[in-house]
């Protein structure tokens, strides 16, 4: 199902240089694109790739217009990567089969639930008492919305997403399979060597335009709510503890763990596998590298890192053994310095 | 739905100082509590917070009774945090809508399964041949209990929990959505560059009063069973490998991974994101810090840690580069020391 | 349900020394095996264990035949561990109740789906338009195969596995509960402090003989596909980002995270909790230790490691504090060396 290049520019803007009736069969990466495929060059510094790609057409920044036009059709855009993002959205919409909204007969919907216009609900899904589903939202098969849960308009829940009691998800959310919103936070009081459960009476409140990856979990608060801001993007297999607050437009890569009551600013990023301890805060625009452990609050924007550098195993073994003596080594250096100073005093 | 302060003390004990008919609308954290809310001060060292909170009433230790009573109603308890934990349980029970036990008509229950008194089973749940469900247990929608699986009395399984063949969960368990008990352990014999599967013939046995967080996985044993003790608390997204044994009342925070055949003592704690390698053992009362990798057995109680300290990225880069030369640095220090000693001998 | 030792050797080969009618009740680990149980000694260096085990019979390498026969029945095999792996498969097949292929009446199968011979489909499973299921494959309850998804012949999907649109799984796959194949990769273009979604137009292609652990996620590619080779074994709770390529027969332990566009060779192994960053490549036969962060491409086979060594917390605190001054320490050592050299020049 191809589309003419002109139709793309009609829909998304940009300046077309070349033949508008060129048929685009697929979007493709620069390195592997063929003559019926459209690709993009994000920045002028990738100019050299223009010469080698076989793409039928390119999205390029103004600085590369001349070079791109010299080899074939191109679309000139101030921000080719953004243009490409919007193009993928348009492309998907063009190719997705139109589906009429429908409630599967095997879905279990409590009579007290409020279902908006044009809502789709998949096979076996359970919508509890007092739950709300906004207009145009699609609920995948086997999703469970517990009592009083709500999902805003225009959202997409893939298969088997769980939204716990009283938890609220905003508009235009995308929740991937296996997401669990509103499981109990991890709270216990110690008593004679055993753990007494602290019931988690709060809920989860999630803003608009949030995307949450497969099997990611966001726990409900102990007393107050766990709060996720607008535009937050969470990748797969992330754990968000109770009473965490995440500011608007913060993004986290896969396998991140955020412990309870951490407060994370807006426009932050957290790399894959990072761990953020509880009861601390990160300012806006803090970036945490992958696999880094955040053990204290961070008050200044910037990039923060802490990971052991990879090495061949034999070298690592030696350095790791030395690391366990590092404080002692520092004392030995201090002793050498003091002795040198003494010698110097004696000889001077 | 408020409750008078007197009703709380009637139910949970403690010494009431103040007006028993004061209506409590909500339990709240000290910092944000308002005049119709009840909060707690866990320890005498938080005494200063009594002056600033707007809470309508406070749970306090005896040492703080005077200060608390001076500002309003209070409940005096030897262990306010424990009191608070029990209060959350009572509060939840008071507010939870009473639900009659019921088997959803869309549940699939094998005729040979044994279902106790007062059991609830949710929509679409599957209960296999020979499975046992103890009295009063609630099985959420889309849970799957395979052939011969069992869950003890008074347990609560949220949506889509899987209990594999012959695996047994004890009484009063709480299993959150997406939990997988009894997937195959990860076992293969290498053969000519390929992997030959070792069928996992053991099962999983879980004690009483265990809570398991969302999407956490506990694998079945290869030959013997994987065994989880009484009162163990596991947070979300934890992986427990085959043949692991976890002692009573041990707690693990989110994203922990425990490799096969590790033996973990009783009353241990494991911080979030820690990794425990296989075929090792931890004594009772061992505490592992977050993000720490346990590479050897630990025989003494205590707190153990290993994580790279976070720093601004530029500082980290320099220190990490130096770390890859650390063993060489140690040799250089040794050379300096030897030379100093030689010099000393020469000059003395 | 016991089996005579002779039946085992008839089925799996090896040289039987001893009584073929000895009834074997169970396979068991060497340390706990009793007189009606069969165990194995993998290698000659474990010879000492032969003297202490109470096992009724042993699988041993030729070098241990004499010692093993001196104490009772044994089966001699060139590779006892491989023999044991195959024995577990045979044993399971002997004991598993025969189940006729059946499509559960509550499964939802689109009329355009293509279902092979002898396929079983569990309760509530959803098979979308144009999906393909190969002969003899078993689909567990609540699995969802989206439009155009396919699973090869002889595969086993446990409960609630999701296979996204157009994603393909090969023959003889084993997918454990909660696996998510083909959720969207994590791709966004930044725009004025917000994130614009890049629709993920690729799919996931998985080879034959692949096993994927519980709650593991493999994202679909952005433009091209994410590709998993033949014979790959992935443990539980692993995250594979978009456009990752994993070579044949590579194995990864639990909790591993692989970021987008990483290319991993064949016959590699990755230890539990390791993180592999994106846009890099690992050669064939690269082994990554547990909890190691791979931050750069690795071109040579071998074992690579990077993890902070565990220590008692007090020692760790001192060494970690020194680590934050390590580059400075190196400069101090250099200063000492230079001064020593100067002194030497002066005195010589």
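Note that the chains take the letters A, B and C in the order they are written out, and that residue 1 is the start of every chain.
In the analysis below, contacts are C-beta pairs under 8 Å (C-beta built on N, C-alpha and C of every residue); 3 or more make two chains touch, one makes a residue touch a chain.
Please read all numbers here as calculations on a predicted model, not as lab measurements.
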item	value
Same vs different contact residues, subunit A with subunit B, by half of numbers used	different
Subunit B onto subunit C, rotation angle from CA fit, given as a multiple of 5 degrees	120
Inter-chain centre distance, subunit A versus subunit B - centres from mean C-alpha coordinates, in Å	25
Multi-partner residues of subunit B (each touching 2 or more other chains)	106, 124, 142, 160, 178, 215, 237, 255, 273, 307-309, 311, 321, 323, 325-326, 329, 333, 336, 343
Interfacial residue positions of subunit B with respect to subunit C in the complex	106, 108, 124, 126, 142, 144, 147, 160, 162, 178, 180, 183-184, 186-191, 193-201, 215, 217, 219, 222-224, 237, 239, 241, 255, 257, 259, 273, 275, 277, 289, 292-296, 302-309, 311, 315, 318-319, 321-323, 325-326, 329, 332-333, 336, 339, 343
List of subunit A residues in touch with subunit C within their complex	26-29, 32, 79, 81-82, 84-86, 88-89, 91-92, 97, 104, 106, 122-124, 140-142, 158-160, 174, 176-178, 209, 211, 213-215, 231, 233, 235-237, 249, 251, 253-255, 267, 272-273, 290-291, 307-313, 316-317, 320-321, 323-327, 329-330, 333, 336-337, 340, 343
